[in-house]
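Presented sequentially are two complexes of subunit A, the first with subunit B as partner and the second with subunit C.
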Partner chain A sequence: MNPRAPAAEPKDVAPRAPAVVPASFPPAELKATCEKILARYPTKMAALLPILHEAQAFGGGWVSPELEAGVAAYLDLSPAHVHGVLTFYSMYNTKPAGRHELWVCRTLSCWRRGAPELRAKALDKAGCTRTGEVGEDGRFLVKDMECLGLCEQAPAIWLDGVAHANVTPEGLEQLMDGCE
Partner chain B sequence: MAAKTPKRYPETKVLSRNFDVDKAWTFDVARQRGAYRSLEKALGSMTPDQVIDEVKTSRLRGRGGAGFPTGVKWSFVPKQTDKTKYICLNADESEPGTFKDRYLMELDPHLVIEGCLITAYAVGASMVYIYVRGEYPLSIERLWGAIEEARKEGFVGKKIAGRDFHCDVVVHSGAGAYICGEETALLESLEGKRGHPRIKPPFPAVEGAFASPTVINNVETLAHVPWIIENGGAAFAKQGIPPDPADPRSVGSSGTKLMGVSGDVQKPGVWEFEFGITLRQMIEDYAGGALEGRTIKAVIPGGLSMPVLTGDELDVKMGFDDLKAAGSGLGTACAIVMDDTCDMVQACENIAHFFADESCGQCTPCREGCHWMEKIFHRFDAGQGTRSDLDLLENLFRQIEGRTICALADAAVWPLRSIVRKFRHEFVAKMSPDEQRAEAEARSARQPAGVK
Partner chain C sequence: MSASSSPEPVVTINGTAYPYEPGDTVIRVAHRHGIDVPHYCYHPSMSPAGNCRICMVEVVGSPRPQIACKMACFPGLSVNTDSDLAHEARADTMQMLLVNHPLDCPICDQAGECHLQDYSYQLGSGRAVTSTPKTKLPKNQPFGEQIVYDAERCIKCTLCVRFCEEITDTNELSMGQRSDHEQVIMTSAGEFTTRYSMNIVDLCPVGALTSRDFRFRSRLWFMDFVPSVCTGCARGCNVTVGARMGKVLRLEPRENQDVNQWWMCDAGRLGYKHANSATRLGVPAVRDASGAWREATFEQAIQAASAALAEHRHEERPGHVLLDGGATLEEMWVARQLAAALGGEARFAAHVGDDGDEFLVVNEKGANARGAEALGLARVKNAADAGAAVLVIERDEHVPADLRAASGAVVAFVTDASHVPDSVRVAFPFGSFAERDGWLVNVGGRVQRLLGTGEAGPSAVQPFQAVAQEILLDLDAGHDVLDDAALETRLRAAPGLADLVWPPASREPAEVSS
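Let's turn to the complex of A and B:
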């Protein structure tokens, strides 16, 4: 019998830094990283996805219009191209994303193993009426996600970039209570 | 069932040989267990063409879903060209129900990297991009860690293993889009664009990443290559299901395969078998069978994108041709099980939602059709479905399948159509009494007299 690959290595979950608007892109903190990323590809455009990941982490979990414009200028891309990419991929947020981001997998294996109950619990605790919204207290953004690749440990969720598997509604409640 | 299968079909640990070895993702442990020995062998004693021939001999077929012969794919890459050639490792693994590549990347990343480098040597590539879905942070971390270790030890970068072979390896993280697993969408995404599949030809082997010749293979496919180089293609071809002698075009299903089970079973998981284990053996003997007091109603044998088999149709061998002959497909060989408590109308709604959500939107039949199907299933679930809705669905299936740029739309049709046909009674049971009566009348009109 094989050991199960871990869902993730345990990490402390810190609340997000408040959104920062840098005067220009890349901000000093990201300069070295961005240059390292650019060196990996024959075109500047190819650095767009990885740099958007960095920008989003820097910006407090979402890519503000200012950051978006900064990235476009930095990579010599049209703002329309960057916006098109940003809105195509489900991991990027274009609106403030709360202090914590919670994803609930909704796809078949998780659906069979209790995802609907988790979703209801998540929305309830976050005080949201629907997914894709931040609750009134600004604590949680709850997102419906498609298969997270943890189906053998369904149902699966993600909290602030950390996967959790075999989650029960009670377990989810505890995880969410642990978030400021 | 125990009487029919007295002996448990054995596991064969080739790709998974290091899965239960502590810290096999670190260079020292992996190297001790033989990592990079095949790379040294290929660079030291084989020409690139010999490597390709060995892989052709192995009859290795792609493990990403389509099953294309790997050695043949490599031989399409032009030999004479001034352009940089690329390897793109497809580690997007966003097919629902599928988690096998994650095990390889998290537990044995050096094996994955070695496979990429041997491939790069075979086709003359000098750059490897590993496109990992953004939802696999641990895979990304372990791969980067392994790359940096291997670089320090002289297995990545310039003068690999002291030979005149130079190749760099980079991990590229996706950002949440199923379609980026489709090979040309993956290339678009790698280039910094939306994941819109390209019209083929040109095929990636000729014009792929950055308009240069590119080999795209699945993680598991290339993870097989070191073993093939070490033991020879013929040894690999001896495992699994041989080609059908009656069919000259058959390539069979050679070697081992990581297979998984998730959904309504006791012990979901992933195991490695030679092709040939039956779906039932895998589900009952390894995944522990149905949950307490339940029975298995339907299984998708590989991912979400293949037609379902019913609980009575599980005695089929896990193999490319066998599952095709059974009206389904191997797909990713990670099965999703639904038991008798599963409402098949709602299952369709769930599946249709997935494809509607993940359609890239380029082709009208896919973009509109998937949403349309979802709406119809929703109507059934709300008790408002009619017999003509079932006809409408059949019509939609016909209008969508085979009419789009990529296979996502087909992948939506296959499971849904098979459920609608095999579980029609569940759809009828949710119709109004009038509709149900009409259905019963139509049924009895179709039956010859005297037959119940």
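Let's turn to the complex of A and C:
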């Protein structure tokens, strides 16, 4: 009766992802730390960021869907909320990380003082094409990061928790060569 | 100043004073008095988020405009919703909202009912003010099985997220990423299984969330919309039925604070498919001497039905009329008269589910089961009681195949030709919920108007009331034929029905609110 009505149902339904079984959280070795963190805050939700840092360190540099669901259950939050927080902050990884994590500052001072060259060098040494990826050897995860607070000594990078300022491409190469 | 003598507090909006209640926000008072304040992220059922910024109004005496959705009323407050400052603030907000919006209205399902589109026509300059390329974000993302999300069209109002948090309390959605990459997300392996999920499609002020069922089916301005009620269960959620060229294309909830607030369930929303069945009976059909079906005019079919029923009466077989639990009060009333002429009674059958919840869905699926009971119709539950002369069937689940076969009926009014049992000799087309006009009683005893649209179903289907009364005239020359208005007068005064909650008398359809 309606010649324009499409006959077939659209077929772009994505396959349903398997349900995630939450990891039991916190694991025994984190229990004391997590309880200490919880005690610092008025609500469980407020403890989400530090607990996620703990979970990430425990998970080998990233928060797996199982850990994410575990944290959500532990803090009485919805898994969707926890996932939203994880994706909001660039310090959290939702994909497996490398053995070392290298951040290159992408804010103005560093950018004007040679950060693009550092970024290119870092990607080249790590063996990946874009930031946020891990090279094939699994050594480095290179990430763009907002201001590292070292504008007066730009350009700055951050390698495994240690900030380095006034970095040259040669200096960066040396630093990276020193990593296993 | 004592409380009793203090005047009711007022706020001034556009120079006129309006009373407000404690806790009122400017937007609530304005909307209550019919003053238009644009809004995307505001919804009266949810906490204000204040993130779309389009509802900005001028506060007299303040250099900065304020958002009306979060601005609490206080004595002496005076705002302008229509001043230059308010318009400027909104135009600037629109510019920000459109920076990364794809402006793909020509292929967007929301076009025609999109406030972003409306306000960009009203307030936009028609030219982009930025030269940076627009952000690329995920498109065609499934949220569950019924909803498709387009992150580029999304203006991040968070209405859908708040719906899942505050209304259904299922928390499936959240905001992810940040800045110009912000988007609505589910968990990495999340499922979206709320049975009320499709309400977020209505909530979405833009075309970011579209219904997989309706998308790309029709432009809105080609469709006909009528205010009606959902017949998926006995709750009777108020809906707007959208139809075009013989097909029902969309059901959307219509606000009624006493029945369904602003919402409806997914099953009800998608429960219109039988109206578009490929096997809809469009014209009356009569069996010839060899038992084969042939098409007939209504006059011929009425004649044949009268003859068949007279014979049936003569044979002293059960003269009952078995109705679908979704039949209207008018149809039940006339069915009762027809049954009386055949020496039987009107009865009804309706499906009873087990999926009722505390929100909207109820177990009773017969949309007018309460009305049938109020009219004194007996309920047929199994095939042993199904004996009847006449069947009136819209939905298969109410009068299933075993009941139909056991009825031994000779005349059937059916929506779908496949519902005609072998015993039937004359079949009349019966309109679906989207084509019939009449009153239904919901589970709470509220009488609500089912309204048909001429755009749905086969054309020229005569209503059951009219056809059945023609047959009645043939069977009983003294029958007093009643039109719908006369039927309504009798229904309103009928025992069992007079005490129910009736809307004001009117055969005129209510206005559709957009």
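Quick notes
The definition used in the following text is that the second predicted complex is superposed on the first by the 157 of 180 C-alpha atoms of A that agree within 3 Å, B and C clash if a C-alpha of one lies under 4 Å from a C-alpha of the other, contacts with A are read in each partner's own complex, and residues count from 1 in each chain.
The rule is simple: contacts are C-beta pairs under 8 Å (C-beta built on N, C-alpha and C of every residue); 3 or more make two chains touch, one makes a residue touch a chain.
All values derive from a computational prediction rather than experimental measurement.
Residue contacts after overlaying the shared chain place A:Gly114 against neither subunit B nor subunit C. Look at A:Pro169: by the touch rule set out above, it reaches neither subunit B nor subunit C. In the superposition on chain A, A:Gly127 makes contact with neither subunit B nor subunit C.
In the superposition on chain A, A:Thr94 makes contact with subunit C only, while subunit B stays out of contact range. In the superposition on chain A, contact of A:His53 is made with subunit B only, not with subunit C. When subunit A is checked against subunit B and against subunit C, the one touching more of its residues turns out to be B. When the two structures are aligned on the shared chain, A:Pro65 is found in touch with subunit C, with no touch to subunit B. By the touch criterion defined above, A:Ala80 lies against subunit C but remains apart from subunit B after alignment on the C-alpha atoms of chain A. Touched by subunit B in one complex and by subunit C in the other are residues 1-2, 4-6, 81, 84, 88 of subunit A.
Taken in their complex, subunit C has these residues touching subunit A: 140, 142, 145, 148, 164-165, 171-178, 185-191, 212, 215-218, 244-247, 458. Subunit A contributes residues 1-2, 4-6, 10, 12-14, 16-20, 65, 68-69, 78-84, 87-88, 94 to its touches with subunit C in the complex. By the touch rule above, subunit B contacts subunit A in their complex via residues 16, 19-20, 84, 93-99, 102-103, 106-107, 133-138, 141, 170, 172-178, 189-195, 210, 260-264, 268-271, 300, 304, 334, 336, 338, 342, 347, 350-351, 353-354, 357-358, 360. Put simply, subunit A touches subunit B in their complex at residues 1-6, 8-9, 40, 42-50, 52-53, 75, 77, 81, 84-85, 88-92, 106-109, 111-113, 145-154, 158, 161, 163.
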